[in-house]
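I'd like to ask you about the structure that follows.
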Amino acid sequence: MPGQDNWNAFACDVTEELLLGTAQKIVDYGLRDLGYYYVVLDDCWSAGRTENGSLLANSTKFPNGMKHVGDQLHDMGLSFGMYSSAGLHTCAHYTASLGREKQDAATFASWGVDYLKYDNCFNAGQAGTQLLSYNRYNAMSQALKETGRPILYSLCNWGEDYPWNWASTIANSWRMSGDIYDSFDRPDARCPCTSYDCGLPGFHCSVMNILNKDAAIVSKAQPGGWNDLDNLEVGNGGMTDSEYVLHMSMWAILKSPLIMGTSIPDMSPQTLSIYSNPAVIAISQDPLGVSAHRVWQHPAPTVDSDDQGSYSLWVGDLAGGDYVVALLNAGNDPLTMNASLTDIFFDASSTSAGGPVPEITRGWDVYDLWANRMDNATASSILGGNATVMDRMNATMRYNSTRMSYADGLARNESALLGSRVGAIAPMGTLNATVERHGIALYRLRPVPSGGARKRDEL
Amino acid sequence: MPGQDNWNAFACDVTEELLLGTAQKIVDYGLRDLGYYYVVLDDCWSAGRTENGSLLANSTKFPNGMKHVGDQLHDMGLSFGMYSSAGLHTCAHYTASLGREKQDAATFASWGVDYLKYDNCFNAGQAGTQLLSYNRYNAMSQALKETGRPILYSLCNWGEDYPWNWASTIANSWRMSGDIYDSFDRPDARCPCTSYDCGLPGFHCSVMNILNKDAAIVSKAQPGGWNDLDNLEVGNGGMTDSEYVLHMSMWAILKSPLIMGTSIPDMSPQTLSIYSNPAVIAISQDPLGVSAHRVWQHPAPTVDSDDQGSYSLWVGDLAGGDYVVALLNAGNDPLTMNASLTDIFFDASSTSAGGPVPEITRGWDVYDLWANRMDNATASSILGGNATVMDRMNATMRYNSTRMSYADGLARNESALLGSRVGAIAPMGTLNATVERHGIALYRLRPVPSGGARKRDEL
Amino acid sequence: MPGQDNWNAFACDVTEELLLGTAQKIVDYGLRDLGYYYVVLDDCWSAGRTENGSLLANSTKFPNGMKHVGDQLHDMGLSFGMYSSAGLHTCAHYTASLGREKQDAATFASWGVDYLKYDNCFNAGQAGTQLLSYNRYNAMSQALKETGRPILYSLCNWGEDYPWNWASTIANSWRMSGDIYDSFDRPDARCPCTSYDCGLPGFHCSVMNILNKDAAIVSKAQPGGWNDLDNLEVGNGGMTDSEYVLHMSMWAILKSPLIMGTSIPDMSPQTLSIYSNPAVIAISQDPLGVSAHRVWQHPAPTVDSDDQGSYSLWVGDLAGGDYVVALLNAGNDPLTMNASLTDIFFDASSTSAGGPVPEITRGWDVYDLWANRMDNATASSILGGNATVMDRMNATMRYNSTRMSYADGLARNESALLGSRVGAIAPMGTLNATVERHGIALYRLRPVPSGGARKRDEL
Amino acid sequence: MPGQDNWNAFACDVTEELLLGTAQKIVDYGLRDLGYYYVVLDDCWSAGRTENGSLLANSTKFPNGMKHVGDQLHDMGLSFGMYSSAGLHTCAHYTASLGREKQDAATFASWGVDYLKYDNCFNAGQAGTQLLSYNRYNAMSQALKETGRPILYSLCNWGEDYPWNWASTIANSWRMSGDIYDSFDRPDARCPCTSYDCGLPGFHCSVMNILNKDAAIVSKAQPGGWNDLDNLEVGNGGMTDSEYVLHMSMWAILKSPLIMGTSIPDMSPQTLSIYSNPAVIAISQDPLGVSAHRVWQHPAPTVDSDDQGSYSLWVGDLAGGDYVVALLNAGNDPLTMNASLTDIFFDASSTSAGGPVPEITRGWDVYDLWANRMDNATASSILGGNATVMDRMNATMRYNSTRMSYADGLARNESALLGSRVGAIAPMGTLNATVERHGIALYRLRPVPSGGARKRDEL
């Protein structure tokens, strides 16, 4: 469920103009057709309730009302994401829905809402056990179902009370950590936990902090219920380009919702090209719906100025027998990394009696998923309003999932979804790559066709 | 809500005489007019209940009853703080209010009480989950509201069950740690936790212990609901003057209630001058109501005899575009500390796309908030009963918030609230200061007027 | 309660054919007569419920229904193990029993079920406190009792909510960790805990990970209620032969259920010989029913490629005054290990006033419990279908507990149950052995007959 | 409430003969008159319930019934301690009292029971929150009160659910850790916690393990409600004489119940002399009822074979202005320890404004509380049945609290209660002592009489 959310870039400064302007750019820049359908209005839209208790939009910010917003978005081929909270107030102290779930769900449905982000502030002590949180969030889940309108339910309780244990039966995703901030790995006192088991989720959690927490719960992701690693910070200025590429890549392979958290109208060519890589989005949208897992992580030879540094190998199953492999270098210097097939297929190996598994004795073609990243000139042209450029883009840079779903495209081996073949791993071989500082190498592995005569060109 | 509480200095030895004598000195020494309006009577005042179940004051200690005490305090222009406990007994084994909330709140209102400190001892197992604590403390919250009298509600459950999550909707402040004691950083077995996540809050928690716990929850402070770091120990003899200055400064910038915890009649000139710094109190009373946060903390080059040592940078937003910056040296030797504008404005920087934020490219005037600390001669004169000296004090030492609120004074740039300008930070520059052992440098940063021709005099 | 479970080897690929084919091999290979009576059908057998709400087997996988399966197993002299979950779905998303306990227990009884493995997925927030888990699992416990059919109840909640505290009064065993995987000691991010106190049991827990968790709770095992360390991975290919011998040995002395988790039809001679050691199974089935405990554990001189390494001494009481002693070397190199009688009998020593305890001043015969491990030729012959070979096996390799229970066999000193005497420990002496890398030395200690004239042949 | 309990020495082997035989020796050896009044029968006495549901004593073990036992004990001037459990069974699987509190309390009262040890096994999931444990234990508390008979209530839930928070209003003592075993400091896997915050109290907890846990909760001890550190192991053979002296001393100054846990009839002269030191028991029975606290603890220069080693200073307030000071050396070698008056009176110093506190500027006489330990010849004589020796013992070895309470004896400065004066600490001075390996120096400090002309003889 990719989309866009205004919070990371604009926080409380929301208006119809901002929302619909953003939506128009999402369409214009081809992002909708890449799959970013959900335009999520975050906190601060409310002006309380009407006399009969219905939620009321702020009429200054939204002069035409919320139904109008929904209609406009739908007319653009987009979906409408809304925000409320399972508390006495929203986090920004606006009207929230605890105890008013049925009425509010009905209101959302009447506005044409397709997605609800449901937050956790000021919950009157109704947290601290799984059952209290389950009951509190289930009330809205049932209310949404009763509206009859399909509304994706995005549970935002920051990983409190182990939502991965109980949320999959009532929601489509659940946040699993405190709020992200635009930093690669800097520790911040306000995000005090370094593991999934956290009494104070907080905020100002870095990309690496969140990845380390998610590593323990990857198996909880499943079709229809996802670990939500929070909105993407790509484009907000606090990280390098390679850090943003890493950030986008990891969110995709871990099957986190891909919610763009930057200002769409203000985005740079580099930002657009990171968000617009169909080969990476295809991993996120892979029909198998399995999150990658971390095979190993080691301390890096060098640490950065925040005393952080590690490197790790992540692997995920894909539909059709492919795999995604990420070599993640969170060290302070470029690093040559090696991943043997034994490591890559450790899961399969460790449960097979009698010799190496077929995955290890087979050869694999290696596709670099960032090889065809859109160039800056093309991206600038798109941002500059030259809409026709999209049609002229070569097939490796561009995908239109409105016309053909990712599942269908993958089944047809659309080249835009495969990156670029850069070599192969021989049977029993090893994948090698030099990965830049705070960077990632991201590959799709596909079995070498059995009848093929391809010579060995191991990376 | 600054004030005074007798517990740290006198514990159970309370009488009308002590309380009113203290109150008179608070007036005489100018502390009331600096903002210390609340005179809080702590535990041990009770003689049980009357036949009809009303709370009864000890008639030996309070021969004229509690209404008289309230009246006297009000006549002095002060507010009356009272104490009870959400348990079967108070911590000192006196009558408490669990299950008697309505009757006791009504009694407090009838006595003219303006503030209730509500403790946590002997709570009959009604703790250990957020909901149990919320319900127990909410009972008194509702009871206080029902009296119709505005009574500040100071929740004292020592950070148990994460009050920062749920107390802001029912109380004005919540203790967030075990009881403070008069030590800068000495670990004590009876305060066993070093983080916010604590199964045994205990007591004998040092200033640094409490600061390290608060660093994780600074964002929970907000107008109307504050993290309470416990009463101030300034003047009780267990710390050096610079440690007390640090203690006072940090409580102010973290927006903890400033409750003087020493014997007012016995205070030294140094103690009076620490409590009486309007430029620091103005940070505490800043209308924006945002707690400072810790940007970074590093191990200090040297540790003290308790094996402790660190140094840290804290920054907080102030109304009108100013910032407060604290360079805290908890190491065992003087230390030259540097804080670049990039560090100081890290929060702003990390969420800005496209180059350095304006805060970093602008110059800042630096005001030392302790520069105009009252001299000992003046303080001695005040303590000696020379009441008129206060009127003769120059404007930088003295502020009367009874006449003009801090908000108004800040809006008018009253010089007593600004400390003394000691230099400026150039655009993209760095703030430097040599900070004494266990000491602090505390600055207000104010944008260099844009039209100004001020030359560079970076610290 | 030894047996076999298909999950580790086949996961969801279950059919009547697999189950009954496996059962036949269990009989043919002599495993039934060694005590592996329970054939457990794990997840994925269900096709939902009938119109009246009864559980329904998948008719493709089980064309003759579940009663037929039960009958066939009983006809082979085996017991029928079934699977369900105390949740909204099973872990593989099949129909589960939460809220339907009575009806489902009755169905199981009607199918002739003798054993129920009851899982923990998707439990709707009804976890996180001991009472919630107790109530949820007790519902099925009561339902099983009400059927009137004796059904072993195997509680599978992965150690959540401290089942060792409360499960013994309602169940026959309880899992005490996340799911095992076929690795000796490799840490995996998906099994994040290293102690019994675990918020996320996970899966991919290694043998050593589970042993370290169990060390704290060994005393919770008792006749009728056992710590379940999860199914055995012996034969699944991820460990060396000596690691599998260690794995089998430790599960036996810790009184974990011995559930073979490999494909029986595909097992190798080595695998058969590990599962088929009556001297080790006799420890598991010892009538005293006391788990061994870890006397000490030290870091090993060398660590392996997963940075793991330790060595430890484990001792357990046996019926009739014998003891089992395990010298466990989890280091990366062979190690000469010493265990003095003072160490071995530390428990007895530490509670005896007045000089060394009799256990220390007595001599002990030492029986190596792996000395008579079945040779590969014999094992191959059995696997090859030469059924008569079992009858020709000498008494030290073979035991038939169908004819004579382990308790009776031990009482009669059947030699197959005693391993081979390899020496003795002199009074006040020490047991020494060189233990291979990732290996174990496993001994039964039996008092030297008091009238004996045996000369000293200390190991 | 000193006494004796049979568990540590005899576990389940209880009979009337053992109990009354033990009781007679308690009288004969002068232990009753030293204050060990409670003779506690631990688990395994029951034979279930009668037809009407009353608890029934095992008639083989107790052929004359329990009322007879109570009568006999009372006739000897002793009190009768009984055992049950707040669970479905006792820990040894005998009948327990959960849900039968009123009936069982009435039975105990009818038997003349004066003390109830109430255990925690098999509690059906009714644990894990403070409220569940409070309610479960409060049921028996109320039932005992309703009998009208004064029965001391000794809560034995091993520190689960923070009993120090809630037990003082319903019980007279509460165990605060897992079960002790007869070891000074050896870690054991079955006692996995090293702090008060413990999910698995376990057993085989060493003396030092328990002391380290208690250090955090010393303030919870108060008249009428004590931290119970478990029965004394003195005399059971697992520790050295100096370790037992340390054990006895620390239990006394921490105000733990002093329950002898050894076989009284089999005790050695050394054991008798440790239990029989009136100067140490007087600390335990001090009328002020304040537990000592740990002022500091440092790593020892050398560790023992269990890798343990520390040394620490403990200080406690006594009635009448005296203090008890313990220099505890848990290191592996003798150590010269220093404790300045500033350290000893740190609590007082840290809360005093204006110069050193009087405690520091005053001189103190130092009384060694073990100086007059009974010699072995005398102890042997007593154990040998020479009853008259007690009357011939000099006054420094002997005290009869049946004739005169400790409170009265202390008020009259009975020399047996004061140990022996061994010197003094000068004003601003330091207490020095060389303390043996795993040993303690235990002193009573008493202000030097102000008019005295005593010359300086600082230790």
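Odds and ends about this structure:
Read from first to last, the chains carry the letters A, B, C and D; within each, the first residue is number 1.
Note that in this section a residue touches a chain if its C-beta (ideal position, glycine included) is under 8 Å from a C-beta of that chain, and two chains touch if they have at least 3 such contacts.
Here the structure is a predicted model, which is why all the values come from computation and not from measurement.
Common neighbours of chain B and chain D: there are none.
For the pair chain A and chain B, the fraction of shared interface numbers is less than half, so the two copies use mostly different residues to meet. Rotation angle relating chain C to chain D: 90°, from a CA superposition, given to the nearest 5.
Centre-to-centre separation between chain C and chain D, using Cα means, comes to 42 Å. Centres computed as Cα averages put chain B at a distance of 59 Å from chain C.
Centres computed as Cα averages put chain A at a distance of 42 Å from chain B. Of all residues in chain B, those that touch two or more other chains are 129, 132. Taken together, the chains touch in the following pairs: A-B, A-C, B-D, C-D. Only residues 8-9, 88-89, 122-129, 132, 181-183, 189-190, 192, 199-200, 202-204, 235-238, 262-263, 266-268, 271 of chain B touch chain D when the two sit together in their complex. Within the complex formed with chain A, the residues of chain B that make contact are 129-135, 138, 161-162, 165-166, 168-169, 195-197, 215-219, 293-294, 297, 349-355.
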